[in-house]
Amino acid sequence: MARVKKIINAIPDLVPEVLEGLVLASHGDLRKLDGADAVVRNHIPDGKVALLIGGGSGHEPMYTCYVGKGLADGSVAGNVFAAPTPDIVLDATRAVNRGKGVIFLYGNYAGDNMNFDIAAELAAAEDIAVETIRIADDVVTPERRERRGIGGAFYVVKCAGAICDETTSLAEAAELIRHAEASVRSIGVAVSAGSLPQTGMPTFVLGDDEIEIGMGAHGEPGVERRNLMSANALAEEMTRLVVADLPFRTGDEVALMLNNLGATTMMELLIVNRRVRQILADLGIRVHRSDIGPFFTSQEMAGFSLSLMKLDANLKRWLDAPVRSPAYRQ
Amino acid sequence: MARVKKIINAIPDLVPEVLEGLVLASHGDLRKLDGADAVVRNHIPDGKVALLIGGGSGHEPMYTCYVGKGLADGSVAGNVFAAPTPDIVLDATRAVNRGKGVIFLYGNYAGDNMNFDIAAELAAAEDIAVETIRIADDVVTPERRERRGIGGAFYVVKCAGAICDETTSLAEAAELIRHAEASVRSIGVAVSAGSLPQTGMPTFVLGDDEIEIGMGAHGEPGVERRNLMSANALAEEMTRLVVADLPFRTGDEVALMLNNLGATTMMELLIVNRRVRQILADLGIRVHRSDIGPFFTSQEMAGFSLSLMKLDANLKRWLDAPVRSPAYRQ
Amino acid sequence: MTPEQVKARLLAVCDAMLASEERLTRADQAIGDGDHGVGMARGFSAAREALSTKPANTVGDPFKTLGLAILMKAGGASGAVFGSFFTGMAKPLGGTVLDAAGFTEALKDGLAAVQARGGAKAGDKTMLDALIPAIAAAEGETDLQAAMSAAAAAAEAGAAATANMIATTGKAKTLGERSRGHMDPGAISLSIILAALATDG
Amino acid sequence: MTPEQVKARLLAVCDAMLASEERLTRADQAIGDGDHGVGMARGFSAAREALSTKPANTVGDPFKTLGLAILMKAGGASGAVFGSFFTGMAKPLGGTVLDAAGFTEALKDGLAAVQARGGAKAGDKTMLDALIPAIAAAEGETDLQAAMSAAAAAAEAGAAATANMIATTGKAKTLGERSRGHMDPGAISLSIILAALATDG
């Protein structure tokens, strides 16, 4: 199999160069930490509860591109699909802390959990208070505690950014962000694989006519392999799985995200959106806002994730609050 | 060769379903015209110079997703990579006209030119004044008149939206938009092909190690086929070709767009951004804003286009003016 | 020919084009984006319906009806090109009898309309390379049926000759040098149209 | 063993791990995301440098130095796992002599640290499936060298046995049933580490 062509320079420079490019695209809003794969805001107000996000690289714009006004104060980047090391997390924690402590917000994966936990212990030893929130929105795994963080992470990060702007207590911010996290459910579908830039090889293989509903952002197993089906049938199955999980009910108001995993076209997502909206309307679920595009990718994987966030007045205000970051303005 | 898997329903429903999905994502801002593949704003102010954009489908978010406050008033969609028919253009022209006439703004392709021209003649017969501006930003073709419209079209549409909001004369709006159009230069590079949803087949074939600098949005020939090179080398060559064309000079202030053609990752674009910014800094060209992401795609083609717009005070104000559309908020 | 006879011939043209959809698709897949068959089918089936319902008072009327339907429904470059061709043909045909001179005149006006619309010229590997020799062949004839037959034969030869040309206009330009060896899809369409028009069915 | 002797053995462990980068890469490519070799190389080369420069006052110090460097530099799940393992081992080793009992105690504290950190258990197809049998084997021995050798042999057998297990933790979970037939990369690493530690070089 031919290597997938990537527009990159030397592999060891990959992540630092991505961050340098990001800083340049931020027009003075961000800086990269010296010798560490982390970016932080240049102007974090004193007394603010700091928000630090991060995880393996390769899912851009998640996480690193969501640093900015109204979003995260800093982000740490591991190598592609690999958890960041605790020293970098600790460096970034020190850099964003404004005396009120730091929220660690990231996807629920073994490597990330362990490395962020170590950093939290190191930070505690330096008297920096840390609260950890793990995003676990993927409905595929039965146990909530074991669930993975996928596309819905964007909604949690968006709300967390607004929460940390209006709250001055670390504990209160953490509680509100936990509420936001608990309000999101997602499911993904993979249509074809993305590749690791290090090797140029696809991270999994699907048959010519196969898709996998529920497959995770790195190719983790989903619900089942199926034959390619119509957009309508796929929308129906995925919506059903997500709605049943929280569950979402008649009268609920939601935010709806269709997240492009990489190579799927906007045409396809809009066709899916049409059917999802029909189904939600039939269920009496109102859609307050739609977010359709690449928010949390998996290299050039084809496929998408569908997320619903159950809204209340606070979550609506936080979702709709203005932000400015290199990847997202509103 | 296996068909590329697409998440769609029946082919004849493709474009109408995309538009229905788009209208649902607009939350009341847009509507689809009955029986015509066109979307228009629901609330176009009286006395406004109307802006109508469009072209073949398959490049989403361009054109159809850029209808909204501060952007276009309507958009017409042909089949994938095919010009829209004059009857649809005429329907949309009637729907957006608020008595001040309509600007036709679209990419410079034979099919689009002919079909929009026929519609302009039909509109003239109904006493609707039309001004036509063709976007021709691709530096690859020597003659400006014969150039294709590629990624830089987003900047022209963005400015045109703001211009039509602040100007009440059709002729003046057209003149200002022509100035915006004349200020943009772009070049693309294709790394691998996208496919037509109708056939599932790639629209061209590149060798395992080949790229084509200057290739157009439908696979039109570029400058030359080359071996895959480093991101830095590619950034240097593409920046050189774009800078030399206007030409851009020391002291110029520009907007910089790196437009994802489909399957290229944000990582790659940020790595390219890093080198482009270094080169521009060396040339003494200041970057006022950066736009990195999918603005004008070619299905799941891998590759990107690089655009520079030479700014003045007006163009800056128009680019930075707030907008709300399903694909772009600012 | 009377207006009704012209209408009958043009209905046969529609049927011939609809029957050729697959051939045109394959031709456009080889050197273009593969949508010529679909576009022509859309246009000529709309045209068939319009022809069946609209009155034909002059011999130009059916050409105009056909042309407008294609203009409005076919899409792509060819919708504009063939639509303009037929509406252009209608212009000199304000009378109630079509003769050889009128037919040749109509082809010339059709050519002018296509060139005004698209700006292509002989040798660009388009339908013009079937149309231009067809006009030359019709010009010598004084009998209408003979003029139509001569035009059809010349169009077919002209279309065949496009295989040696390099596309310089439209989407087929995509391929440049790679377009050599394949006939131009639009030229094939024009030869099918003129052949059906010439068939005394 | 003195602190300096422990340090020498751990430097040899670093060398052995650095020499195994390719083997570990291939093992992780088979059932994970292919980055285990790169991560371990990053961690153990940082550890090598730290060991060479930091003082070793107790027999626990070199374990702690090694563990912290891996924790900080390796990345991924294995950075946290192996880093915690070595810093855990250091805990009971506050003295200046390492004996068989101390070694076994240290392995147990290392195990506890890994489980506290990652929550995996025997049979999950991780390095634990090499570590747990290694502890059992060391437990019977009274001579340090014999304990180390027994642990190394048991770890190698344990690592080999992971080939029959299905991954349920971490990235190798990616493959589920598909992970069967391949040894766990982290278990291979642990067997390499214990083998090098046991080598009287």
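We just call them A, B, C and D in the order they show up, numbering each chain from 1.
Quick note on the criterion: a residue touches a chain if its C-beta (ideal position, glycine included) is under 8 Å from a C-beta of that chain, and two chains touch if they have at least 3 such contacts.
Everything numeric here is computed off the predicted structure, so don't read it as measured data.
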| item | value |
| --- | --- |
| Steps in the shortest chain-to-chain touch route ending at chain C and beginning at chain A | 2 |
| Centre-to-centre distance between chain D and chain B (centres being mean Cα positions), rounded to whole Å | 55 |
| Chain B-chain C separation of Cα centroids, rounded to whole Å | 32 |
| Separation of mean Cα positions, chain D and chain C [Å, integer] | 78 |
| Sequence positions of chain B contacting 2 or more other chains | none |
| Topology of the chain contact graph, where touching chains are joined (line, ring, star, complete, other) | line |
| Pairs of chains satisfying the touch condition | A-B, A-D, B-C |
| Interfacial residue positions of chain B with respect to chain A in the complex | 2-3, 5-9, 14, 17-22, 24-25, 27, 57-58, 60-61, 65, 80, 191-192, 197, 208-209, 211, 228, 230-232, 234, 262-274, 277, 287, 289-290, 292-294, 297, 299-300, 302, 304, 326-327, 329-330 |
| Contact set on chain C toward chain B in their complex | 29, 33-35, 38-39, 71-77, 79-81, 83-84, 117-118, 169-171, 173-176 |
| In the complex, chain A residues that touch chain D | 78-79, 81-87, 109-111, 114-115, 117-118, 196, 198-199, 203-204, 216, 218-221 |
